[in-house]
Amino acid sequence: MADSQAVRAALRAQRIETPSWAFGNSGTRFKVFAQQGVPRDAYEKVDDAATVHQYTGVAPSVALHIPWDKVDDYAALAAHARDRGITLGAINPNVFQEDDYRLGSVCNPDPAVRRRALDHLLECVDIMAATGSRDLSLWFADGTNYPGQDSITARQDRLSEALHAVYERLTGDQRMLLEYKLFEPAFYATDLPDWGTSFAHCVDLGPRARVLVDTGHHAPGTNIEFIVAFLLHRSRLGGFHFNSRFYADDDLMAGAADPFQLFRIMTEIVLGRGLDPAAGVAFMLDQCHNIEPKIPALIRSVLNVQEATAKALLVDAEALRKSQVDGDVLGANEVVMDAYNTDVRPLLAQVRQDMGIDPDPIGAYRRSGHQDRIAAQRVGGNAAGWGA
Amino acid sequence: MADSQAVRAALRAQRIETPSWAFGNSGTRFKVFAQQGVPRDAYEKVDDAATVHQYTGVAPSVALHIPWDKVDDYAALAAHARDRGITLGAINPNVFQEDDYRLGSVCNPDPAVRRRALDHLLECVDIMAATGSRDLSLWFADGTNYPGQDSITARQDRLSEALHAVYERLTGDQRMLLEYKLFEPAFYATDLPDWGTSFAHCVDLGPRARVLVDTGHHAPGTNIEFIVAFLLHRSRLGGFHFNSRFYADDDLMAGAADPFQLFRIMTEIVLGRGLDPAAGVAFMLDQCHNIEPKIPALIRSVLNVQEATAKALLVDAEALRKSQVDGDVLGANEVVMDAYNTDVRPLLAQVRQDMGIDPDPIGAYRRSGHQDRIAAQRVGGNAAGWGA
Amino acid sequence: MADSQAVRAALRAQRIETPSWAFGNSGTRFKVFAQQGVPRDAYEKVDDAATVHQYTGVAPSVALHIPWDKVDDYAALAAHARDRGITLGAINPNVFQEDDYRLGSVCNPDPAVRRRALDHLLECVDIMAATGSRDLSLWFADGTNYPGQDSITARQDRLSEALHAVYERLTGDQRMLLEYKLFEPAFYATDLPDWGTSFAHCVDLGPRARVLVDTGHHAPGTNIEFIVAFLLHRSRLGGFHFNSRFYADDDLMAGAADPFQLFRIMTEIVLGRGLDPAAGVAFMLDQCHNIEPKIPALIRSVLNVQEATAKALLVDAEALRKSQVDGDVLGANEVVMDAYNTDVRPLLAQVRQDMGIDPDPIGAYRRSGHQDRIAAQRVGGNAAGWGA
Amino acid sequence: MADSQAVRAALRAQRIETPSWAFGNSGTRFKVFAQQGVPRDAYEKVDDAATVHQYTGVAPSVALHIPWDKVDDYAALAAHARDRGITLGAINPNVFQEDDYRLGSVCNPDPAVRRRALDHLLECVDIMAATGSRDLSLWFADGTNYPGQDSITARQDRLSEALHAVYERLTGDQRMLLEYKLFEPAFYATDLPDWGTSFAHCVDLGPRARVLVDTGHHAPGTNIEFIVAFLLHRSRLGGFHFNSRFYADDDLMAGAADPFQLFRIMTEIVLGRGLDPAAGVAFMLDQCHNIEPKIPALIRSVLNVQEATAKALLVDAEALRKSQVDGDVLGANEVVMDAYNTDVRPLLAQVRQDMGIDPDPIGAYRRSGHQDRIAAQRVGGNAAGWGA
């Protein structure tokens, strides 16, 4: 995309959704380190998401996690979000935190547990109507820890049954995004372990069902941009849960561990016209800030996705295609690397000025004193975390 | 399968195909260590495959690799095989060893190269008619080494076009088995990197197309038995290329690196009725014997698959199902482990005696003096290898 | 070891230590599923460890975790253990669960935090005197999540300083076992990530310092038995934390995920005379039972280590050496596999009868009604977990 | 390093050694694709290395591989190199390409084979005297493919014996660089699989022995910069074999697969003063150009190392240290990322102009017509490859 006007327009139009749960405390199985100023309820999480949007200009919605963000009146929560300049985004059901789910949720051998899990999923579809959300993001912790523990195929059949029941409840522009994950919390066989499994179920279900790619959920060595390009090419890419990793599902800030990978992913998006809203790709963050402060970490993550996108937009698609057709291995690689090696921070500073926000979001946030303010204000109550 | 008569019958009925190329010299990029007594042509490879069958009783066919096994008269080769007590099995085209294929075969950016590769594939379908083979095993070395080198999606389209052209040529009971591989020789993006990609193409093509699982072609941590169970459940498992690995595509003897994994895979096969010929699962070896003598290594590999199958047949499916339904994690695992911990060698010795062969195949081969004989006879000529 | 008398004697003499924390509730960052009958304090954990010993005969000690097992009077706890037929084993300090440790313990950039961590380690040496423990098991959660977060080498210097301070406090037969772990909870750079780092520090410290190998703490593909053989050969193998894994540090029951690997490890131990108490190798379990009942899971784990040991003892070392010297690849492998493929359960049943315990530990425990009894008795109070 | 004069001086002083074998044909076990213009002997390889230096200015030496680069008169070859403006660098013995080495070289169970391998190593020390080389780079393909094949510890003892014999032969400023590799060509247990093993042997040997880090030789997830920082801190880092990888030992162009990792490595080098010649760190490339033209691929690789170094030199060490001491996770990471995100190509263009070479090495090489010239000239003879 040689035209810098078009590049800037594309960058202004980008939309990255923040996850409400990333504003709360999180950690590993070893320890959750509590931080100051953490929100106590869904309203304060919405406030924090609005803060991220205020400084970045490209994060105008926040995903909810049910029941962690359960409120009596979702319309009131949506109105609160609108007041703050953002909207409510994807609904993320939770079918992994009840003692009943020890052996799985919709794949559990016990039909009563499956019914309970399905009821929660259907309740979340109802919530989508109240929040005006388009996307139901489904992640299942289901799986087994030991060979023989349960039947792989029986669990597939149970999964399929539940997915169909939920799918049939969708109306209007509602969609189902089906996430996969190699392992954790299941350590032998996960019921949706890879994109192939999600894809097969989505094809079974119909066009409203699409694969959700969490960038931290793959085996070592997996070429994620291949998956992204493949799914986008077949109109089955529903969206992303961005984060980054060195080892397993580390949930580090997007772009922190492998900025080149994030760029390669965004390059496939740009080349496949996935930035076009008509492509139906939702760009969402899903990460943990175990030791760093949450709001600036989310601002940083948004900026990292934005920088990767800017670089991807600078790839000279025409020169690339020519080198590819010519079989010029080094030349084609050079076209891509030229874009990657460009410092896009001046360009993004310009884009922000065009949008009327501070060209230096991190500096501006730091100077604002906001972090101290919320630390002082948010005292008492229960700090939000993965359990609430 | 509590009934030991049925277990023994199932073991007598098992069929494991050997690969002609495993009888030739092979190695790594660092060195091919030449061995004595290696076959010089397709006829001698058939002889060696017949030897493996003679000592095991369950390896009655041999897969061919074209052009490494090219002969003027395939009917004559098939007759030679019948004389030796075996048949010709799957046909494996080679579209990776011409200088033209530097940037790929059917995915190459150059249409002339794609045409050449397709012609070879179609020629192999013709060979299948001559050899009476049911299965065309397709493995493509296609992929790229550097980001940007070629378009992921353009290559998918080219792949799809070639697969359709080959598929349309199939007649009678002919099938296409589509293999995937994470990496090597491509080191950035392989065009068929995982089962999901193979599966999607097979679904596009139709019921004659099925996924071929090579047990060495996965990312670290991949649960292969999940893939096997999933594909078998959907009638898309075409067969196996058995071998084993500690690291990458090491191509060690099947069962040598992780006998428990091989057992788990065969357990899914048994539980999913995949041993039934009607299931259409081809059990084939595909491995390299870089430092060990080839014929006894293949005998050992056949025995390892056989032992894993025997253990899988001993899993008490009824007790397993009950423990699974009850959510008895330890009990269900114990059912599986009881079978795995059983020493099935006495049972298999009995099966062999029922079949009229020596109960100790390795010992019998060693005592036969055959290895010395072929070392003495096969002098001069060009020892078979991956290049011929 | 051809002499079956010697094999049985070796099996009767084996000692496997259970970890007190494995009797409490555990889980993943997503959820800890509470179980019934879980101990409420260190005394009840000792009771559970004694139960495991009662049924297996080879688990006569229990490792403690401080402060999770903190008591006012360690001599009284030791006496309680003796009453139950076991002893107190290794002391495991905890320097990862205070908010102060967000950026590390002995490697923390803040000297006050380092001092606090060191004080706890020294306190644990004092506890060793009271409990009569020989081994201090050191595992540090220290590391960083982001490039640049802290200086790798400054952290090494701080680590070294703390280790020296602790080492100098050791007296009598006390030892320091230094554990390493690839990742988690640190997701960028762990301060003791591999055996090489532990080894280098142990060599710096002196002969009382030895490497502790946790079988779940390695990168994919790591050959653990190589490390074990190497360290044992150099008298630097302090012991094991046994558990098993398919993916990361899954902490599944020892031998559940890869029984062949456990056998290979125990084979190196047997060949290197590591079962001899003079070798100074401590055999300990360290695992989590997230979804299965804890006591039978620990019994199963002890049995799995025992079965692997029995098979390792059956390796015909003389035949193996001969095949190795002759360069007989298949023959040498066959010697090892012959032992592995043997069903050692009848042998172990005999060993148990020699020891006066039930030949079927799992069945005997199940029939005893003990699980129901503790579920009924242990009501109220705080169930033990990783936090207490 | 805030001082841009110092940064430019450091960049002008950088030295990156090219490997003679990378100019010859190479490939995978599946196929070696021949290229045009490939050198036919050591003299032409030296010419190609000189060409890389001519265009980059920072590649003034070439490593030799014996016997691939065997000549009658090494002094004459050294003189030829000097004529072309470069020198002969590290000597790399080859003890993996004789049929005798099927079961290993210095670790082989057969003492005659071990003797042969040792003789070759000692011959290479003699060659070092003739070429004026400082470093002997030792990589051993030794290892086993199957459990039991050989004794891990016996092989360690044999390795140690050979290393001592070679070490004792070193004189003057000669050094031994000891490389490790996780796997390939050995697929079960490699005799020098990780840095810990190399380090332990180097400590045994003495100060002339140092660890050689090949960036492609690690298990997935290994933090290479940790190893680099650790070894440099202890004066045991002998040097690098740079290349890059997505999967195994892919040997792609340095910096092509993970430029951020290369930057992190170079940052540890800069922070640990490893660029100072007194630190004794040799910066060498070791890679394969299977599908791309070799000379420009090596120019690109040199540039990639140079760019990573330039970025590392831009890290504000003082600001970094302050953020680290303050425990400012995001701030410290930002210091590092600021340097990484800088486009250093203009700075390097300036450095090149200071050195009197073309600011655009790739473009200059392309425009020179050199590639066509060597393609036309180098016809007939045997193109160099891994076998010669």
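Should a chain be cited, it is by its letter among A, B, C and D, assigned in written order, with residues numbered from 1 in that chain.
Note that a residue touches a chain if its C-beta (ideal position, glycine included) is under 8 Å from a C-beta of that chain, and two chains touch if they have at least 3 such contacts.
This structure is a prediction, so every number in the text was calculated from the model and none was measured.
Enquirer: Which chains sit in contact with both members of the pair chain A and chain D?
Expert: Touches both chain A and chain D: B, C.
Enquirer: Name the chain pair with more contacting C-beta pairs, choosing from A-B and A-C.
Expert: A-B
Enquirer: Determine the centre-to-centre distance between chain A and chain B, using the mean Cα coordinates as centres, and give it in whole Å.
Expert: Comparing mean C-alpha positions, chain B is 39 Å from chain A.
Enquirer: Would you kindly tell me how far, in whole Å, the mean C-alpha position of chain C lies from that of chain A?
Expert: That pair's centroid distance is 38 Å.
Enquirer: Among the residues of chain B, pick out those that touch two or more other chains and give their numbers.
Expert: Residues 103, 145-147, 182-183, 188, 220-221, 223, 246-247, 256, 291-292, 329-330, 333-334 of chain B touch two or more partner chains.
Enquirer: Sort out for me which residues of chain B touch chain C in the complex.
Expert: Interface residues on chain B, with respect to chain C: 220-221, 223, 246-247, 256, 258-260, 291-293, 296-297, 300, 307, 329-330, 333-334, 340-343, 345, 362.
Enquirer: Across the complex, what residues on chain C touch chain D?
Expert: Contact set of chain C toward chain D: 103, 109-110, 145-154, 156, 182-183, 188-190, 193-197, 199-200, 203, 218-223, 225-227, 229-230, 232-234, 264, 267-268, 271-272, 315, 320-321, 323-327, 329-330, 332-337.
Enquirer: Tell me, which parts of chain A touch chain C in their complex?
Expert: Against chain C, chain A makes touches at 26-31, 33-34, 96-97, 99, 101-103, 141, 145-147, 182-185, 187-188, 220, 245-248, 250, 252-253, 256-257, 290-292, 386.
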